[in-house]
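These notes open a run of structures that come right after.
Same chain, two partners: chain A is paired with chain B first, then with chain C.
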Partner chain A sequence: MTRHHVSRRDFLKRTTASAAAVTISAPAIAEGAPGRVVVVGGGFAGATCARALKRINPRISVTLVEASHAFTACPFSNNVIAGLRELKAQQFDYKRIEGSGIEVTFEPATRIDTDARTVVLSDVARVPYDRLVLAPGIDIRWDGLSGYTEAAAERMPHAWRAGEQTLLLRKQLESMEDGGLVVISAPANPFRCPPGPYERASLIAHYLKTRKPKSKILILDAKDAFSKQSLFLAAWKELYPDLIEWVPLSKGGRVTSVDPSTNTLTTEFGSHKAAVANVIPPQKAAHIAAVVGAANKTGWCPIDPVTFESKLQENIHVIGDASIAGGMPKSAFAANSQAKACAAALAKLLAGEKPEEPKLINTCYSLVAPDYGISVAGVYEPRNGQLTDVKGAGGVSPANAPRSARQLEANFANGWFKTITEEVFG
Partner chain B sequence: MTARALINVPPKAKRGEIIGIKSLISHEMETGFRPDATGQPIPRNIIKEFVCTYNGVEVFRAEFFPAMSANPFVSFTTVANESGTITMTWTGDNGFFATESVAITVE
Partner chain C sequence: MKRIYCLAALAVLFASTSAAPAIDVAPAGAAACSGCHPMSRAVETPFTRLTGRNPADIVTATQEFRTGQRPATVMGRLAKGFTDDEIKAIAAWYAAQKE
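Presenting the complex of A and B:
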């Protein structure tokens, strides 16, 4: 047996050669069968994922299936309700996405043939896939609150899917007389945008304080605790003393039924007749998730925390609000973060490689007033089969910060919205 | 240690009607098993008993134990047979006592 003395230089040469061989083989696979991905849902999660896939590997065929030609963003829609912003500033189209090599099909997905790996559209057109990404967002659980039907939502808007409902709530507030009672009903966890009901109460309070100062806001809550609670409560005391009353679960705050004919919300212990009623009802993953069998009995979709693949349906990945993402809240930032991680995992899976464990980030800004922002941030990683909050990472805005810091965070919030919408739709 | 009780009894009922009664009391229900910052167990502080009487006659009783959640919510039914007063009492550790009464008219 001969022994070779491997010089440092030879060793380096050989390593470089083998590394080169690996990098050459990746495009070779891509040329053969890079794969077809269909993304259902063109919100923050779906649109991000489609674009991220194209960016990672332009040879992957990506189809985005979305029922609507325009997307109306929920973040900042509370500003529209409070008259601080127009709905137009929330709306985005898909032209730039179509221009980036992604096929966009403006039809709703009616069902999915998992055996044939095909998405069935409304006019019986079919789109085949190797991997499917479901990013359908939420639906209202119309069976979740007694008396709260689709017709009732025309009288007592939820405004939890931005658009006509947002404008309806705004109009009701505008036509309310000074001295009116605004009642907001907040649901139990989980639901889209955990700090949303409290930001909304804050910005409505800002509107009432400046326009209709004799009015009051009553929040009837099915929970005893909520996101950024101590920051909100302190800010309300400072900015809107005696204007907002929060009734938690343990004080009888859970709404058990509503009556749109009298605009009344009933809890276990009393009834409240509202001048304006904003019912934020229980929610679930949007309909298509249940149709394909990706939602479990909670109404949401269990997923693998590394690949976002459904635990119930092979080759189907679920991201955004519809997924059960462990410690991650249902937010646009989280959806965007998950979409990029999912795209990276999909590119690996399609190439026959092992996906890497992702680290995900979320930040939720809330405005308590137009010039008063607060935030919560978190970092998440897969642990024990769940996306888990990394201890010591992230945190919330400091208590007792000067107003200049709150102003700065309000600026950051605006900057964040511009950045994310530019990245996703621009 | 302050408690606030909420009760819900229909103000009117027909004779023989089955009525729903709900109660909710704010109480931390400390189990006695949790350690404090120094490692010493936090003393138990729970509601031990809930009793509902209808014109002095007991119609419902519940015993609570350390596994009971904070702010216990109790819902039950009884038969409305005469006008009068429905009284609920909660008793527990450290001499805890709370009571609420409400009138009911039976036609």
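Presenting the complex of A and C:
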């Protein structure tokens, strides 16, 4: 097998300079090197995995492929919508990651040549890998809700990928007159951040309660049950009586179409004209997952629960929101937890060793008010080919807990965001 | 004889370099803790630091969270997902980590 001897840096320089397609297909592992891993996607899953790999074995060559120079975090973006926080506090760059021996390539991955084990970037530069980690996050299903197009999202923001959409929703709330109707449409499972729509309703209610107290929030839901439901419902009764109305699937809550020209959401039971409409649409694993054939007909990616290797594509591992992770929700905590377990498995696989069975954790905090936090937690392990809840562990915050406990969980929520973003980007 | 000796030495050398030491990864569950408990000194959070701590203290605290003896928010729920052996391994690993 022939092989061009070029360093990663020279290789990148050369390809960028000439914009020529250069393929190096011989896996580095054949020469006894610890191997090359390419991570596609620099969010909580991908950036964590790249760093964890370098920490476990600094000799592994790690390339992070990410289209954007700045990452905008979704957790705590509901605070931005409610005017409690600025978007800047959600944004992180990749300087520290670049400084930790990881090659960061700021280009989108357009396709993956699985035979040659190379990631093809937009300018036809190619990055070879022995193992590929896909951590691309979610895409909106633009064909998933009648009338909800990319243009419609400019009038009826989803704000489900943080950034401009977050600010758009905030601006609409700020310019809404007192007495306006805010409609939030929540999708069926699975979707990113299961308690997210309800935390969002809570924090918008917190904003409206003092600024625009005659207003109302209507949640139209495609489900009959949601994460931390009893805690949310009890807290709404206590903090925001008559301000939030939740309409479940069985009461006609499922939105079947939207009309951005009139800001109207239609269910099987009727139509609601909103002053502000927040449409949280159906989702799927981001495009690249389907392009490489790692997503199944559900739109998400089935994985092995020990190695996170795709069940559909060899040598490709999928972590974070894009994966079907059994009992684990699509959360930043879960993504971070999966990323570290995946990195450990990759280090073992590249060294020709057997990966150990992981144990994973998720903790999701939600703020019902800035000083009122609730949580759901879980512990997971591989069982019958799935990441499964460890029996007897996990669950939600207790009902009827004193306000001091809610305050404590709000403090922990803030602390968690600082810890995890420091670990991932700091 | 000398040549044979040299070859043997080379063989030993080769064996020791090619059979790289086993990849040292954190015990099951340990990596997940740092989602909340910071490994870095640079971050100020209300979470207890685990790195460099006496492992017996980590084991005791986690076991008390598990039984409900020690008041908790999420740790009571999480500790129930780990066996004594797992808790001991995680505690030993954090104790050995540099801050």
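List of remarks:
We adopt the following convention: the second predicted complex is superposed on the first by the 395 of 426 C-alpha atoms of A that agree within 3 Å, B and C clash if a C-alpha of one lies under 4 Å from a C-alpha of the other, contacts with A are read in each partner's own complex, and residues count from 1 in each chain.
The criterion applied here is as follows: a residue touches a chain if its C-beta (ideal position, glycine included) is under 8 Å from a C-beta of that chain, and two chains touch if they have at least 3 such contacts.
Just so you know, these numbers come straight off a predicted model, no measurement behind them.
Looking at the shared chain after the overlay, A:Pro213 reaches neither chain B nor chain C.
In the overlay built on the shared chain, the residue A:Pro358 is in contact with chain C alone; chain B does not reach it.
Once the two complexes are laid over each other on the shared chain, residue contacts for A:Pro58 go to neither chain B nor chain C. In the superposition on chain A, no contact is made by A:Gly385 with either chain B or chain C. Judged by the touch definition given at the top, the superposed model places A:Thr419 against chain C, while chain B stays out of reach.
Legend: residue contacts after superposition of the two complexes on their common chain; A:Ala341 is shown touching chain C, with no touch to chain B.
Here chain B and chain C are compared by how many residues of chain A each touches, and C touches more.
Residue contacts after overlaying the shared chain place A:Lys251 against chain B, while chain C stays out of touching range.
Of the two partner chains placed around the shared chain by superposition, neither chain B nor chain C is touched by A:Gly179. Against chain A, the residues of chain C that register as touching in their complex are 18, 20, 22-26, 28-29, 31-40, 42-47, 73-74, 77-82, 86. Touching chain B in their complex are the following residues of chain A: 224, 249-252, 268-270. Those residues of chain B that touch chain A in the complex are listed here as 4, 6-8, 22, 24, 26, 70-71, 73, 75.
Those residues of chain A that touch chain C in the complex are listed here as 32, 52, 56-57, 333, 336-337, 340-341, 344, 347-348, 351, 353, 356-361, 363, 375, 377-379, 381, 390, 392-395, 397, 405, 408-409, 411-412, 414-416, 418-420, 422-423, 426.
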